[in-house]
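When the chains are written out, they are named A, B, C, D and E in that same order, and each has its own residue count from 1.
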Amino acid sequence: MNEVVLSCQGLAKRFGGIVATNDVSLELRRGARHALIGPNGAGKTTLVNLLTGVLEPTAGRITLEGQDISRLAPHQRVRRGMVRTFQINQLFASMTPLQTLALVVSQQRGLGARWWPALGRDRGVAERAQQLLEQFHLAEVAHQQTGHLAYGKRRLLEIAIALACEPRVLLLDEPVAGVPAGEREELLQTVAALPAEVSVLLIEHDMDLVFSFADRMTVLVNGAVLTEGTPDEIAANPQVKAVYLGYENEAIHV
Amino acid sequence: MLTILFDGIAYGMLLFVLAVGLAVTMGLMNFINLAHGAFAMVGGYITVLLMQRLDVPFLACLPLAFIGSALLGAVLERTLYRPLYRKPHLDQVLFSIGLVFMAVAAVDYYVGSTQQITQLPPWLKGRTEIGSLGMGHYRLFIIAVCAALTIALQFVLARTRFGSRLRASVDDQRVAAGMGINVNLVFLSTFAFGSGLAGLGGALGAEVLGLDPSFPLKFMIYFLIVVAVGGTSSITGPLLAALLLGVADVAGKYYIPKMGAFIVYSLMIVILLWRPNGLFVRQGGKA
Amino acid sequence: MSELLRVENLSAGYGEAVVLHEVSFALGQGETLALLGRNGTGKTTLINTLAGATRQHAGSIALAGVALHRLPSHERAQAGIGWVPQERNIFKSLTVHENLTAVARPGAWTPQRVYEMFPRLAERKANLGTQLSGGEQQMLAMGRALVVNPKLLLLDEPLEGLAPIIVSELLRAIARITREEGLSAIIVEQHPLAILDISHSAIVLDHGTVVHADAAQRLRNDPALLDRLLGVAR
Amino acid sequence: QDNVFKIGLILPMTGQQATTGRQIEAAARLWMAQNGDTVAGRKIQLIVRDDTSLPDQTRRLAQELVVNEKVNVLAGMGITPSALAVAPIATQSKTPLVVMAAATSSITEASPYIVRSSFTLPQVSVAMADWAPKNGIKTVVTLVSDYGPGLDAEKYFSERFAFNGGKVPEKLRVPLRNPDFAPFLQKVRDLKPDALFVFVPSGAGAAVMKQFGERGMDKAGIRLIGTGDVTDDDQLNDMGDVALGVVTSHHYSAFHPSPANKKFVAEFMKANKNLRPNFMAVGGYDGMRVIYEALKKSGGKGGGDALLAAMKGQIFESPRGPVFIDAQTRDIVQNVYLRKVEKKDGQLWNVEFDVIKDVKDPGKSK
Amino acid sequence: MSAGGQGDLLRASRIQPWEPVVWLLAFAAPLLFPSHALMVNEIAIFALFAMSLDLVLGYGGIVSLGHAAFFGLGAYVSALFCKHVNPDPHLGLLVSMGAAALLGLAASFTVLRGSDLTRLMVTLGVALILLELANKLDWLTGGTDGIQGLMFSPVLGRFEFDLAGRTASYYSLTVLLVLFLLARRIVHSPFGATLQAIRDNRLRAMAIGVPVHARLVAIYTVAAAMAGAAGALFTQTSGFASLDVFEFHRSADTLLMLVIGGVGWLYGGLAGAVVFKLMQDWISGITQQYWGFWLGLFLVVLVLVGRERLLKPWTWWRKS
C-alpha cells in the first residue's frame, strides 16, 4: 500500500530571471494525505502546474506510477489518473453544474469523442453526475448557469469536477479559500473520506485545517524544499516557524 | 535598390499612421473597431474637399483633417461606442461594420463614387536624386511627418502615466475608477486621438493610396495585418510591422511582380505561426 | 479625535435589488473599524458602496466634510478613499510597478515605501499582474490602495490566502499605520478575533442592516455574544 | 400590361465599379428621354438592378428578371465574369443580352444571344500597337491590371507590337486592388523603354499618371501610352496637367467633333449635374439605340429571336462615329482614334488626331 | 432522481415543436413563392455556409475571416469535377466535401495557437492565398474569367436544373437539412459538449482530460467539409465558378449573417442568412446605389438595441 505513486526529481522552473521552482524532488505515496505549505510566492502553485503539465519545466523529471510522464500533454496525465483543482476557479461558465459534471464523467469514461448519441443518453453517466451534485450540495443549483453561481458554490463545483475525474492522485490548490468557515471542515472531510488508495496533495494556508488533515507535510521556500516531515515535526521546526508560521500568541495591540 | 527601400519605408510609415489608432483601440482598449478606416476616409475627404472647393493650402488641411476626425471620433465615442465596450467582440464587429457601410454610402451620396484627385503644392511634387537613390519629395514629407508623430506618441505612452492608466481602465473599469482614474475621460481622449491619427493618415495617404468611398473596406485588411503582426502592446510593434509590410510589399512587387499578393500574405502567416501573439508581446518578468 | 467618516441611512444594492438597508455609523480619524457578519450579509456591498462601485439608493456619506455620495467613483478616490477589493482585481496587463504608479497620488506613501513594506513585491516589480502568486496579488492590492494616499482604507478580506507569518505582519503594519499616520481603516474579515485585536470599534451586519455596534475590545472579550452574532465564533 | 416592353439592366451600382453603372444608367435614361418611352406601340420599361460586380448576383438577378419579370432584353454587364455568368441564361431563355461595358473579346462567343455595344480591348490596343512604331517608339513595357480585360490588352498589344518590329522587354501585371503603383513604375524607370503602355480600369488611371510624373519618368525620356481607359473622360479634368500630352487609343472621346456627339455630351451633362459622359456612357446609349431599333424593325413583337435578328447588322451614326453591329460575330465594328490630352478652354480633353477606320475585334478575326 | 438528471440533460438535444414547422415552411417556400425560388436557393446555400462557420466559431471558439477558402475550394472542385470527370452533381458534392475536408484538416493546424486576432488574420491569409492561386493557375481555373457554362446532369437523374430555380432550391434545401441534422447531432453529443468546454475554458478542459487540439482539428475539418458542400451547391446551381468565391467579402458577409442570427445555436446562421439576404434584396430593390447605408443602419441598431429586444418592441423604452 505504500509504494510511491507520484514523484519528481530535480524539477526546476525559471520565468526569465525568476526561479520559481528550484530543484524540487518530492514523493507522494499511495494513500498519502500530504500537505504542501510555504510562504506566498514559494512556488506551490507553480509546482502543481509543472506536475500537471500546464507549465513546461526548465529541468527535471516527473514519474507517475513508475512511468515517466514529463513529456505528456496535460490531458494525457489526467487520463493516467492525476487530477487537480485550481487556486482560482476554472469553470465552464456557460454550462450548468449538471452539464459540467455529465461532461466530465463521460469524458472520464472515454465517451468524450463520441459524435452520435446525445450527452446524457448514457444512463450511468447521468446517474453519476446526479450523485456528485448531491454529494456537494449542488443539487438545487444544478440548472443554473455556472457563471451566475455564488462564490462558495462555484468553489464546491471546482472540487466536484476533480472528484468526478475519479483521480488516483489528487492535487488541491487552496481548495477552501473563500469558502465560509463553517463549510470548510465539511469539505475537507469529503476529501479525506476518499478511498484509501487515492493520494492527495493539499496546498492551504489555514493551518488548523492543514494540521487536522495531513499525515505528512512538505515545506517549500523560495522554490526549494526546506524540509519534510510529520505534522508534529513541522510544527516544532524553528526554521518553519521563522519563515512561515510566525510566532503565535504574540499579542498585537492598538 | 535604395529607391525601392525608400518607397517601401514611406509606404510603411503611412500604413503605420493609418493603423496605429487601431492598434490602440484594439490592443489597449480591447475594442474591435473595424470602422477605423472610415475615420481615415473622413480625414482624406476633409483634405480633398477643402483643397478643391475652398482652396485651403495643403499644409493647413492636415491639422484640420486630424481635428475633424478626432472630433467626429469623440462625438461617436460619447454617443454610440461607449455602451459597446462591454459587449462581446462579435457584436463590436457587427456594429463597426455597420458604421462602415453607412459611411461608404453616405460619402457616395454626398461626394460621389469617383476617385478623388488632389493637386499637391509644387514643392512637394519634385524629386531629388542622390546617386542611385531617387526620393520623391512627397514621400520624404510623409516619412518626416510620420517619424515625428511616432516619436511624440512613444513619448506620451512611455513617459507619462497615460498608457498605464489606459490599460488599467481596460483591465477593470470599476476598480480603475475606484482607484481614482477617470475612466470615461481616458477612453474618450484615447478614442478621439486614435481617430484623429487615422484622419491624418487618410489626409496624407489620399495622394498615394487613392481615395474613394470604398477606402475603409479596401484597406481594412492592411490595417489588421499591421496590428496582428505588430502585436498590440507597444507602439514599436505596429511601427516595425508596418515598415516590414511596406518594404516587403514594395520590394516584392518590384523584384517578383508575378508573385503579387502571395508575398504579403505568406509573410503574415509565417510570422503569425511563428509568433502567434505578434512580433512584440508584453512579457514582463525580465527584471 | 476628530470625526472622519459619517454614514447615514445608507441603502444600496445592485440594479434593482437593494442589499443594504439604512446603515449608519461614524468613524474617527486614526481609528479602525472591524466590519463583521456572516457570508452574504452585505459586507462587501457596504465597502463597494463607499468606494462608489454599487448603486446607491438613499442616504449620505461624508468624508472629512465632503459629501462623498455625490461624487463619481474616481473622485472619491481623489477625496481620500483607498480600496482593496475582495477579489483583488489586480490590473492584469500592467506590471507590479505600473499597478502602483498608475494610481499613485502625491503623499507619504510612494511605491518605494510599499516595496519596503512588502519586499516580495520589489523582487517582482516587472512581473505582470497575472504572473503573481495568489498571496503576492493580495499584497499588491494593499500597496495599490496605499499609494493613493487615502485618508480612509477600505480592506475587504485582506488576509485571505496569505501565509500565517504575513498575516501577523500585516496586522501589525495596519495597527502602526493607523496609530502613527492618522489613517483610518475599515476591515472586513471572516475570522473576527485577529482583527478585533487591532480595531477600535466594530459593527456587525446581518441581512444588510447593522445588528450590533460596539467597542472592539468588548466584543473580543465576549465570545458568547460573538457566537450569537456571527454563528461560528472561533 | 402585355404592351410593356421590359429591359432588364444589370449593372454595378455600388462598390469599385460603381461609376460604370452610373454612367450607363444615366446614358440609358438620356436615350429614353430623347427618344420617348414608346416604341412600335409598346411602352418601354427599364428595370435597373445592382449586382455589386458579383457574377453570382448578376446571374441570379438575370434569372429572376427573365423568369419573374419576363424581360424582353437583358442588358448592362459591368465586368466580364458577370457577362459570362449570364450568357447561359440568355441562351436558355432565348433572351438577347446587350453587353454595354464588359470588354473582353471572348464574351460574344459565350452565347449566340449576346450583342455588344461597347468595345473590345483587343480592338483599341491593336490600334495603339500600329501607331507606336511609326512614331519612334521601339521598346515598350506593358503595365496592365491583372484581370481579363488587362490580359487581353497586354496580349494583343504586345503581339501586334512585336509583329510590327517593336520589343516588349517586360510585361507587368498589377493586382486589381493595388494601392500603390510605385514599385511597378520604378521597375519601368529602371528598364528605360521608349514608352510605357498602360491599361488600368477607369479610375486608377489618374494615380498612374501622377506617379508617372512624380517619378520623373517623362524627364527620363519615357512616354506614356495606353488605351483610353487611362484618360477616362469622366475624370480627366481632375487629373491636372500630368495628363497633358498622354497619347491613347480608344473608340470614344467626349471631344469627338461631330454634331451627334456635341448634342449627346451637352444633353448628358445637363441631365447629370455636369458629369461628363465617358466611353461607358456611350456604350449604354448606343445599346439602347440597338434595342429600340430592333424593336422597331421587328414590328414591336419582341420575340427573342426576332429581336436578335433585327440587332444584327445595324449600322448607325453613334456619338463616337459610324458603327456597325457585325451580323456574324454580333460584336461592334467601329473606328478607333488616336488621341492626345490637350487643354481647350481651360479644360482637359482627349483630342483625336488620327483614326483607324472600321476596326473589327481582332480576337475573332483569326 | 437520476432519471430527472438524465431527462434534464437530454432536454437540450430534444427537437423543439417549432423546429419541424420552420423546416416545413422552408420546404414550402419554393412552392409558395415560385418567383423567389432562386432566392430560396441562395439563402439555403448561405445558410449552410454560415452554419458551418457556426461550428467553427460558435462551437469551436475559433474566429475565422477565411472560411471562404473552403467554400471556394468546394466551388472550384465541383466545377472541375463536372468539366473533366463526371457531370453528376451528387458525386461532385461528395468529392467537393472531401477536398474541402482535406484542406480543413491541413489548415486546422494553423488555428490552434494564438489570439483571436491572430486566427482571424491567418484564416484570412489562407483564403486570400487560395484566391491568388486560383487566379494564377489560369490553365486550370480559367483565371479571372472563371469556369463558365457548366452543364450538370439532373438531380437524382430526373430533375433538370431549371431557369426558375425550383430544382436548385429543393436540392440545396435537402442538402442543408441533412447536414443540419448531422451538425445538430454533433453539437449535442459528448463530443459537442467537450467543444463547449474548450471554448469556455481551455485550461480546465485540459485538466479534465480533454485532448483540446484533437477536438479542434476534428471540428474544423467537419466544418470545412460543410463549407465545401455549400460551395459545391453554389457552383452546381449556378453553372459556373469564378474567383470571387474566395474573396474576403464572402467570409465577411457570412460572419455578419452568423452574428446577426446569433452565434452558437446552429439556427443563428440560418436566421442570419434569411434576414441578411432578404434585407439586401429588398433595400437594393428600392435604392440601388445607397442600400449599403440602410443595411449598415440595421446592423448598428441591431447591436445597440440588442437582438432579443429588437424582436420585442415593447421592451424598447424600459431600462436594460
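Here, a residue touches a chain if its C-beta (ideal position, glycine included) is under 8 Å from a C-beta of that chain, and two chains touch if they have at least 3 such contacts.
Just so you know, these numbers come straight off a predicted model, no measurement behind them.
Seen from the C-alpha centroid of chain B, the farthest chain centroid is that of A. Placing every chain at the mean of its C-alpha atoms, the farthest one from chain C is found to be D.
Chain pairs A-E and D-E differ in how many C-beta pairs they share in contact, with the greater number at A-E. Centre-to-centre spacing of chain A and chain B amounts to 48 Å, using the average Cα coordinate of each chain. Inter-chain centre distance (chain C to chain E, centres taken as mean C-alpha positions): 53 Å. Taking the mean of the C-alpha atoms as each chain's centre, chain B and chain E sit 32 Å apart. Inter-chain centre distance (chain A to chain D, centres taken as mean C-alpha positions): 74 Å. Contact of a single residue of chain E with at least two other chains is seen at positions 289, 291-292.
Of all residues in chain A, those that touch two or more other chains are 15, 18.
Residue positions of chain C touching 2 or more other chains: 127, 131. Residues 35-36, 38-39, 42, 135, 143-146, 148-149, 163-165, 234, 238-240, 242-244, 284-285, 288-289, 291-292 of chain E touch chain D in their complex.
Here chain B touches chain D in the complex through residues 3-4, 7, 11, 105, 108, 113-117, 119, 125, 127, 129, 134, 136, 138, 207-210, 212, 214, 218-219, 222, 249-254, 257-258, 260-261, going by the rule given at the top.
Chain C makes touch with chain B in their complex at residues 51-53, 72-78, 81, 83, 85, 89, 91-95, 98-99, 101-103, 105, 125-129, 131, 144-145, 148. Chain A contributes residues 15, 18, 38-42, 44-46, 87-88, 150, 152, 174, 177-178, 180-182, 205, 207, 243-246, 250-254 to its touches with chain C in the complex. Against chain B, the residues of chain E that register as touching in their complex are 57, 63, 110, 113-118, 120-122, 124-126, 128-129, 131-132, 136, 248-249, 252, 255-256, 259-260, 263, 289-300, 302-304.
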